[in-house]
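Notes follow the structure.
Chain IDs A, B, C, D and E follow the sequence of writing; residue 1 opens each chain.
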Amino acid sequence: MTDFLQLVLSGMATGSIYALAALGFTLLWQASGTINFAQGEFVMLPAFMMLAFGSVGLPLPLAFLATCGVAVGVLGWAFKRGIADPLLRHGLMPIVVATIGLAIAARNGVRAGYSAEAHPFPGLFGDRLFQIAGVTVTLADIGTLVLALALVLATQAFLQRTVTGRAMQAVAQNTESATVLGIDVPRMVFYTFAINALLACAAALLVTPTYLAKFDMGEGLGTKAFFAAIIGGFNNSRGALLGGLIVGVCENLAAAWISPAYKDAVALVLFMAVILFKPQGLLGRKVERKV
Amino acid sequence: MIEFDDVVAGYGDFMILNHLSLKAARGKITLLLGPNGAGKSTVLKTLFGLLKVRQGRVRLDGRDITGASARQLLTEHGVAFVPQGRNLFGQLSVWENLELGGITLGMKTTHERIPEVLERFPRVRERLHSAAASLSGGEQKQLEVGRALLLRPKVLLIDEPSIGLSPLVVQDVFRLLRRLADEQGVTVLMVEQNVKSALKMADEAIALESGRQVLHRRADELLADPHIERLFLGGAHTMAAPV
Amino acid sequence: MKKLPLMAGLAMAVVLLAVPPFLKNYGVYLFSYWMVFVIATMGLNLTVGYAGQKSLGHAAFFGIGAYSVAILMQHGHSFWLGLALAVVGCFVIGLVLGFPALRVQTLYLAFATLGFNTAVWLVMRNEEWLTGGTFGINGIGRPELFGFSLGRALPYYYFVLGVTVVMALLQWKLLSSPWGKAFTALRDNPIRAESLGLNIQAYTLLSFAIGAVYAGVAGALFASLVEFIEPAPFTVGASIMMYLMVVVGGPGYFFGPLLGSAVGVLLPEWLRFAQAWYLTVFGVAVILLMLWLPGGLLSIPARLAARRQARAASAARAAAAARIGG
Amino acid sequence: MTPPVLQVADLAKAYGAIKAVDGVSFEVKPGEIFGVIGPNGSGKTTLFNSVLGQIRPDRGRIALNGRDITQVSPRQLNRLGVGRTFQTLQVFGQMTVRDNLIVAAQEHQGSMLGRLFAPGDSGLGARADALIDQFRIRHVAHQKAGELSYGQQKLVDIAMAFMSEPALVLLDEPCAGVNPSLVGGISTLLKALNRERQGSFVVIEHNMDFVMDLCHRILVMVEGRVLAVGTPDEIRANKQVLDAYLGN
Amino acid sequence: QAIKIAGLYELSGPGASAGTMFKNGADLAIKEINAAGGILGKKIEHSISDTQTNPGVAKGLATKAIDDGAFAVFGPVFSGSIMVSMAETQRAEVPNFTGGEAAAITTKGNPYIFRTSFTQATAMPKVARYIVDGLKAKSVAVMFVNNDFGKGGRDAITRALEAQGAKVVADISTDSGQVDFSAPVLKARNANADVLFVYTNEEESARALRELRKQGYAKPIVGETTLTGQKVIDLAGEAANGALAHVGLTVDAPNPLMLKFKAKFYQETKTISDHNGIKGYSGVYVLKAAIEKAGKLDRRAVAQAMRGLSLSAAKHPGVLMDVRFDDKGDLDRESFLVEVQGGKQVVKSVLPPLARP
């Protein structure tokens, strides 16, 4: 039983990491109708930015704030101007491929320009251990989980409950109609990417102590986040959290009790089942009526 | 007054309006008629800043609005536009669609005005919290018209509102437009294929063919004209016999 | 109009035939590598570009083809048997993979195929008794054709080229038959297509299965080209690269895969002068390409044609307007 | 006696609390042009989609020429000779108008395997051209259907329904957005097909001139139920119908 | 004119860390040699290319190296890639130095392939001996990474342990890039073995060590070079303390040459070299010695000279440690048993080569 709890708790900690990365996917899908294959790199870049700010002597919180600033400019504004604006109206394919290109460029740019090594990253929560019912958890585990939860709920509330959030969704669903209604489309698109950039920074802050700052850290993270987002439901931010936790926990249980070699397959089976029986995801809304 | 002066506009390299000039009087209801593909919708889209004006000028009450964006027209000139086809945010609820319709007004004003609109379109009120895409064709159109009225525009561009609306509702909408023009001096530029009913309520009519104005007359005159058929037929063709 | 693609194809064929003898082994190897990916992405182009099914699992079929040949040759069977198995195996598995496509569309389909790819990759990696696991399978030979050995680089290249041409002709025939229209209809509007009597289930499944066969054939050739395989070239990442090649080349354009694979295979090699930065440059090049031509490289001729057509239509319209006005 | 072409009995479909179609029964006789009218949201489109296998009705029975077709797929219905149009535009946007028409009938030519070896236009070019001329869309025949005006797309959509020469066609607001001259044309076409080939039609339409002139019988729906069925004259004289739908 | 050395390294993809280190090591050696006048009076020209950790690309690059007339080929490091590319270099009779540790590389009878480090087959018996004799363990749990490197090591250690009379009671597979080690650590804990043997790459080693500490694992943790590298210590922090490892090559060896190398490497690259850096560096010096022994720039003669080549660090400082090659291309030299103490590798004992020259 303790074993089980240990696995579940650890899985939830890992899962909340997936959830944070998945949150970006669901946000972009709901608010701009795109999929960003560079989402993992969007987490990796702020991690390195924070390291860079740290190396010139900024303490972590300041480095984080500075990184947020830079990220909103680069991953938000520049991404919007450089990639989203010209490509959004051409449908999904070109922008998806552009983000694949971006992922390749970012990953290899960091590798060539900085280093191919993994770098340790200061943890936000210190290295404290707790014993709860015979189960060991770290402060970081709990902190990540709580913060992930908070971010997910905040994002969800923003999108669903504020007019700006809904205007962002409106732009994704029908840009021309949004224009006709006088919605400031470019600004909404910018908000979307700016928020995405901020979420990526937050994710980087929480994720990197475990993932380590490495040029290809985004690759694995991106894939897992993908799975998490689908299982939870792509058009729902809470889904990202649920999906992330499910993937994290299932992986752990499978690795311990089924087959470590096929542990990814368990998430996969789940994933297939969700896709086939509830394609909109566990918490996703069904898209209504086509004819 | 809406004024097109020698306007050239189109899609990519395909010019639909070739040196089009036309005028729609202020505070009047002007109909835009013509065969399918004449360029009626293109006129409205160009006017509303959705298509680029390649040549010529567009003026509104004497002010040059060539190249103005939709947002500017809406906020600075009080122009609202109901396009042809379906233009809702399908996955958002009816209520949310209405709210977004008033985004340029601020939420306070919008919330004050929404009940008024709902009263006018009771079918829409019944479905207030359903996703817009689940509405029937006519219900969706009603919602769209309502959403535009929320803005209390000074100029209303409306593209074939009668598509999908049942006869009673069409009458309602037409009557409403008439009142807006008469009581509030709203300028209405409307495209219609439902020619006879539309002419009955309109002030003037412009017929378009291949992107050219072929006629501009008073609506009542036109209605009385025995040759009216020819005008919106796009020449003298009728459909050939079946094979 | 129909002649233009044919002419371009012929010109390209001349280049492909005449240049390699003047290249060193490395050049020939690259050309072979390129052709292998042309075949694979031709299949993906059918599935994604023409039939509009979002597939991110193409590398799995590529791998199935490669392992078919590798495993059979390892056990002393001929390449040709492996190739046949690759074709049949991929067709059947492609059909099976098509089934999720009947239930889910667009984004979700992409995910399902991505999951399938991961599953296949896991099997390749873990079932050591069959696939050699991460140690891979070494010493895969090259076939003989009519008693003529294809072991050396140049003969093998011409063999691969020959297969490419055959596969291209088959696809050309397929696409110019009513099936081609059916696939496009399926892509544009499946609901309408079904109400017009199109068996969208069958066409969907077939678009996957036929696409998979192309990948399988390519995989078979790949195994013999590299003479060693392990699971790494068949990951989701590889599928994503293939998707990139199709989109960059121009999805739904017949010769798109030829150019797209050149971008995916040859461009990084050309960029090697940029040293450590060459992949960064490659990534940026892909972005710029998309910004310049969102419809892919082969949308240039289509764009020009569309422009010409639009100008003609404009002129016709202006003339009509003049008649009325006059 | 020949069975009705289309027989619908006690059909119902609800979305949550909304009874979109609520126990509708009617028959369409061979060679009949049957109109369906009713206020917005009265369930006409839902009725069509249920009959045509697009959505699954909650209850009810549908028969085509006496054969049960409840829950038969749209494709099979098409193969059984049922054509249709949709209320929303449904064309193949990336294909040319002519290809739209060809693809609309090609599945009726030979077997699937046979089509692999058939000529690109499946021998349907002439028929497509004839319809193109009839609907006066010759000048846009080689344009992409997605780049046409609303009315032009509507015409393509209707023409597609006739490509495979179906015995029964269900049309959902065919005249919406179509120029009056062509509305007359469509009317003429339907009448001629009806006369010459005994084609049966079910038409949803809000254009009363069209409906009254064309239809042999008309069904009026209100709130998912049948309010009245009758000849145009009967319907025009029905007080309830006037109140609910037609006005003055 | 110049001696062309073609370096085919994993500079991107999963092998990027290892490949970059190997490249940097080789590059440093080449710079030094050129500065000192080259080999037989000729300068070395180092052409570097990236295999993307993809065997198909590696094969092409090997072909290219041969097309370009490379005198010798360095790399790739990953076993899968070297398996493919060495077929090309063998066909062209070009000496090929690899960092791969898989046993299979030298069992194919390829006379042109040479290692720059132990195979797992030589290293593991040494570890096993220490586990059984030094730690008096009867049962061992093995945690390995599920790739060719990890599986090869797992097979070798299992064989070696069984030969020494210890039992492997748990066989725990982990993924490359795995983040959450709670399940494998739990399994290790539940196995209740006397010793845990961990054979994963550096980053995963660090994560495993952290999780082991988190779950309070108290038994000895033993590994190979990748368990106690400086990188691991940096990443795992305190959790690395107490980990034991058999290390073929470490910059912390009690060896002045090694310390000098460490400093130079740091100066060049601002990173601390791991075993791959040492492999690349010493490999180039081995080649130099072999060419000088052959006395001419003849590939076949150099390959011939490599057989049974025995080099002492005293005479050839660049090889850093005494080394001896056998006729298969495998090498033998002394190695170390280290423990992490206070965030540093401390050498506990020096293990002699298997066979003294």
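The rule we apply is simple: a residue touches a chain if its C-beta (ideal position, glycine included) is under 8 Å from a C-beta of that chain, and two chains touch if they have at least 3 such contacts.
Source: prediction; values computed, not measured.
**Student:** Between chain A and chain E, how many steps is the shortest route if every step has to go to a touching chain?
**Tutor:** Tracing touching chains, the least step count from chain A to chain E comes to 1.
**Student:** Determine, using the mean of C-alpha atoms as each chain's centre, which chain is farthest from chain D.
**Tutor:** So the chain farthest away from chain D turns out to be E.
**Student:** Suppose chain centres are the mean of their C-alpha atoms. Which chain sits farthest from chain C?
**Tutor:** Computed centres place B farthest from chain C.
**Student:** Name whichever of C-E and A-C has more C-beta pairs touching across its two chains.
**Tutor:** Contact tally favours A-C.
**Student:** Could you grab the centroid distance between chain D and chain E? Build each centroid from C-alpha atoms only and quote it in angstrom.
**Tutor:** Averaging C-alpha atoms per chain gives centres 74 Å apart.
**Student:** Would you kindly tell me how far, in whole Å, the mean C-alpha position of chain D lies from that of chain B?
**Tutor:** Distance between chain centres, rounded to whole Å: 28 Å.
**Student:** How many angstrom lie between the centres of chain C and chain D, each centre taken as the mean Cα position?
**Tutor:** Computed from C-alpha means, the inter-chain centre distance equals 40 Å.
**Student:** How big is the gap, in whole Å, between where the Cα atoms of chain B centre and where those of chain C centre?
**Tutor:** Here the centre of chain C sits 47 Å away from the centre of chain B.
**Student:** Chain C: which residues touch two or more other chains?
**Tutor:** 125-126, 191, 275-276, 279, 313
**Student:** Counting only residues that touch at least 2 other chains, which ones in chain D make the list?
**Tutor:** Residues 45, 54, 86-88, 90 of chain D each touch two or more of the other chains.
**Student:** At least two other chains touched by the same residue of chain B: list those residues.
**Tutor:** Residues 11, 14, 134.
**Student:** So in the complex, which bits of chain C are touching chain A?
**Tutor:** It is residues 100, 103-104, 106-108, 111-112, 114-115, 118-119, 122, 125-126, 191, 236-237, 240, 243-244, 247-248, 251, 275-277, 279-287, 289-291, 294-295 of chain C that touch chain A.
**Student:** Show which residues of chain C lie in contact with chain D when the two form their complex.
**Tutor:** 174, 176-182, 184-185, 187-189, 191-200, 202, 252, 309, 313, 316
**Student:** For the complex, give me every residue of chain B touching chain D.
**Tutor:** 11, 14, 34-37, 41, 84-86, 123, 134-139, 141-142, 160, 162-171, 193-195, 229, 232-234, 237-243
**Student:** Which residues of chain A touch chain C in the complex?
**Tutor:** Residues in contact with chain C: 29, 35, 37, 82-83, 86-87, 90, 92-98, 100-109, 111-113, 219, 223, 226-227, 230, 234, 261-262, 264-265, 268, 271-272, 275-276, 279, 290-291.
**Student:** Could you pull out which chain A residues touch chain B in their complex?
**Tutor:** Against chain B, chain A makes touches at 163, 166-167, 169-170, 173-174, 176-184, 235, 285, 287-289.
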